[in-house]
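Below: a set of structures, written as structure tokens.
Here come two complexes built around chain A, the first alongside chain B, the second alongside chain C.
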Partner chain A sequence: MARPLLGWAIFAVAMLLLPQFVSNGTLRIIIFANFLAIFAMSWDFISGKTGYISFGHPFLIGIGAYTSAILSYRFGMPVSLSIPLAVLATMVGGTLFFLPALRIKGTYFALVTLAFMELMYQLVQVIRPDLTGGTRGISGIKTILSGAAPNFYLSFGLMFAIGLALWLLSRTRLGTALDAISMNEEAVSGSGLNTTRLKLFAFMVSALVAGLGGAFYVHYLGSIAPRALFDINFVFTIIVSVLIGGSATIIGPIMGAFFMTFLLEYLRPLLPGSERYLVYGMIALVLYVYQPKGIMQILKNLSLRTRGPQTGRSGNV
Partner chain B sequence: MLQVLIQGFLLSGLYALIAVGFTLIFSVGRVLNLAYGAYLMLGGYAYFYSVQTLGMPKLPGFLFATGMGALAGVLMYRLLVKRLKGDQVAVEISTLILAVVIQAGVVLVFNDSSKILHPIVGGVWRIGSTTITNNILVAMVASWIILGGLLLFVKKTHVGRAMQAVSMDAKGARISGINTDRVNMMTWAISGALGSVAGVFFASYTQLNPSMWVAPLIIAVAVVIVGGIGSIVGTLIVAHIIGFMEIITTTFIAAELRGVFTMLLIIGVLVIRPQGLFGRGDL
Partner chain C sequence: MSSLLVLDKVVKRFGGIVATNGLSFHVDRGESLALIGPNGAGKTTIFSLIMGEHRQNSGTIKLNGEEISHLPTHKRIQKGVARTYQVPRPFSEMDVAGNIRVGMMPDNLWKMITQSADPDAELTIARSVGFRDEDLLRKPSELSMGDLRKLELARTLAAKPEIMLLDEVFAGLTVGEIEQISDLLAQKRKEGLTYIIVSHDLRALEPLVDRAVAMTFGRAIAEGSFIEVMDDEAVRSAYLGQ
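Here is the complex of A and B:
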């Protein structure tokens, strides 16, 4: 317990000192990475932990973002009220998301969530465009803070708090039970645990995180549009971050989000447009096929190899 | 009314053509190929490049597009799907990543502006007050011919029957001396070819752009989910349900809502009857 906690503390101190050393441009990239890490952790808590793969996570993020944007922009509500309400709305949406998980899993569940996202994309443009802004979305939404450094602290604080909370949660017996669902759901229910309640809990936590992330993100950007949000490319970015980092590890999705965001930025001078995704996707694909458990597992294997067989294993020749 | 009927049949024919290659992979290989939409894109762009950029005649251009699709299918199977050894979720995730990679590749080669494909067959037809382009009429007829041919191929030929056997029970097929690996590879090639043929028609019906793969993928998913796994006849029926509902929604309610019904159908069927309306038939 002590060593990982020390790791979290070092991570926090290093990140908090960062604005002293790097440019505002870099800070803005990190802000994006922070938000991506939040979305990735939210995805990971359903899909990485319980094995219910969601292809429609922007559905949840979008509810959070749109609710807060509409409440503050159309009804002049203060952000301190609109964000909690947005999180609540996202959790209601999470219940809707959860219903199919009662009956179906695997491929079929993934497809239902994809359908949820597409449905949301189409409905947002048609139903009450006076509220949602239709196809063009809303711009000029109140931002919480201005400037790169304050926003960096805000987004990092949020990401760090969520990460630490999820990490502590995953170390409890509850977290272990959730992990077990992805391995064998029947066995978990056979050992007398109520899998429905466990799954509902995972979905609620995931929705809470997605709602928080979505709401804060929209108040950082100041604008929202359906095509950018309910997009299969956005799903792709989230999933790839988790898988590259290492799913069900909390720290993995954070690492993955940072790795992929910076990779995308460093490719910008070489390939300015969306061609960047060619290299980005290839790297993701090769890494995924080579090691489906991600960077975390690669690091673990490396440290095993360098430190020799004495850690953990016994009786090696 | 007549117009709805005609347009419904035309669109449904196109949708059946789009969905059938996807069904084939799902029933034989038991995996969802989320890069299926990319075949359509590859087919459309290959045809565009050979006919409208290089100035080749239409038929060789069409064959070139078909060949590209088949090649893409074989490569996908060899390099990706076979390595993942039937891990369904891994195949879905990696084909999704692959689709985005192919999209970026298309942007790199053709840039990301939309392109108009000239109609494959020119001219229009008039029935009463409705006009139909010959292009979409040919697409529908082609769709029916291809579906009929596929059904004959699966039922009558040796290879087709081997595909059927693998779709029923891969292990049993292997014991009976069928080379399942080769059957799988052929299925992927056929699926790729069908996808790119559908892509040429789909692109001439709408237009070519690097994100055109999402819409047909969702149609294919809807048809397969609602129709049940791997039934060619089920595919045909559900393609008509979806096609007609889209035309009816567009004509009588609002054009923007055309996709909503499809989504509700996917969600509803998956939650209420996950095995699909027509159950798990064999091919």
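Here is the complex of A and C:
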């Protein structure tokens, strides 16, 4: 326990010093990485942990983003109120998202969540475009802070707090029980545990994180448009971040999100078009085939090799 | 003596197959019962019905005098009944200790978060089924069939049941392992655990039970002491006719 916590502390200090050393351009990239990390952790807490794969996470992120955007832009609500309300709305949406998980699993569940995202995409354009801005979305939304460094600190602080909280949560017996659901849900009921309640909890936590991320993100961007948000490429970026980082580990998705963001960024000048996604897909695939448990496991193996194997009983990371 | 578990005219159909055909039997508190019958007789199905993994088409199942048929599986376990599986189903990515940990968890989110696991209790349960201390860190993929069955028992015992349903706990075990598990069951029986045990290994079964029920095609065909049931004409022909 002490060593990983030290790791978190070093991570925090290093990141907080970063604005002294890197350009504003790089900071802007890291801000995106921070938000992607938040979305990836949200996904990881449902799909990585319990094995219920979501293809529709932008549904949750979108509720958070749109709710806060509409409340603040259309109704002049202060951000300090619109964000908590947006998170609440996302958790209500998370309950809807959860309903299919009562009955279906695997591919079917994934497809239904994808349908949720598509439905949201259509609804946003059709129902009350005077509120949502329809296809064009909304711009001129209040931003919380201005400048690269302040926004970097804000997004990092949010990402770090969420990451640490989820990581601590996943190290409790509750985290173990959620892991167990992904391995054999029947045997979890067979151990006397209410799996419905466990799953609902995981969905609520995931929705809370997605809602926070979505709301803060929209107040960073200052604008929102449905096509970019409810986009299958966005879903894949989230999922691939988790998979190449190491699913069900919380730390893995953070590393994966940073890796993916910088990979996309460095490929940009070389491949300006959408071929970029092809190359990044292939790099992710090769990495995934090389180590299905992701960057987390690669680093662990490296540290085992250099430090020698750890002895004694230890929990999963 | 009061009956701990009572099944009354239980019927379960899978499509055209009648897996349980109006079966009735009871188990008293502290009693151990053998459930025997040829392949496909419906033994495992009865366990699934008692646990609520399948629902019967008709008939009642009472535990401690209370009808439990409407309860979901986890509630039944909290009422004091638990089972092992004929095909062991461990949590594949968790070590032995982790598997036992899940079995021991209280069904309370708050306690799951705030109270940490109890490694000593995990170790005690693991030792009680015959694991060595170093086995606690092993993954199911590294375990022999005997060890997997021990893990099934450990995970089930961790739920602290009043009555245990043991499905083919001896299948695929070496003679030494059978002896070890028999000793464990004899010990638990002495401590007052009630159980129903299903096994094709009749010789191992005999010293472990007070009474036996024999069944074929989802019906009871004989009931009584183990010797009586084994001598029964219908039982003999059911086994020979297999």
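Please note the rule applied: the second predicted complex is superposed on the first by the 304 of 317 C-alpha atoms of A that agree within 3 Å, B and C clash if a C-alpha of one lies under 4 Å from a C-alpha of the other, contacts with A are read in each partner's own complex, and residues count from 1 in each chain.
Convention: a contact is a pair of C-beta atoms (placed from the backbone, for glycine too) under 8 Å apart; a residue touches a chain by one contact, two chains touch by 3 or more.
Since the model is a prediction, treat every value here as computed from it, not as a measurement.
Using the contact criterion defined above for the overlaid structures, shared-chain residue A:183 touches chain C, although it does not reach chain B.
Chain A has more of its residues touched by B than by the other of chain B and chain C. Once the two complexes are laid over each other on the shared chain, residue contacts for A:191 go to chain C alone; chain B is not touched. When the shared chain is aligned, no partner comes close enough to touch A:77: not chain B, not chain C. With both structures placed on the common chain, the touch criterion links A:115 to chain B but leaves chain C unconnected.
Applying the stated contact rule after C-alpha superposition, one finds that A:165 touches neither chain B nor chain C. Chain A makes touch with chain B in their complex at residues 53, 55, 99-100, 103-104, 106-108, 110-112, 114-116, 118-119, 122-123, 125-126, 232-233, 235-236, 239-240, 243, 271, 273-278, 280-282, 284-285, 288-289, 292.
Note for the complex: chain B touches chain A at residues 32, 80, 83-84, 88-90, 92-94, 96-98, 100-101, 103-105, 107-108, 111-112, 210, 214, 218, 221-222, 225, 254, 256-257, 259-260, 263-264, 266-267, 270-271, 274. Those residues of chain C that touch chain A in the shared complex are 51, 53, 72-74, 77-78, 82-83, 85, 89-94, 97-98, 101-103, 105, 107, 109, 112-117, 119, 136-137, 155, 158-159.
Taken together, the chain A residues at the contact with chain C in this complex read 169, 172-174, 176-177, 179-180, 183-184, 186-195, 197-198, 201, 313, 316.
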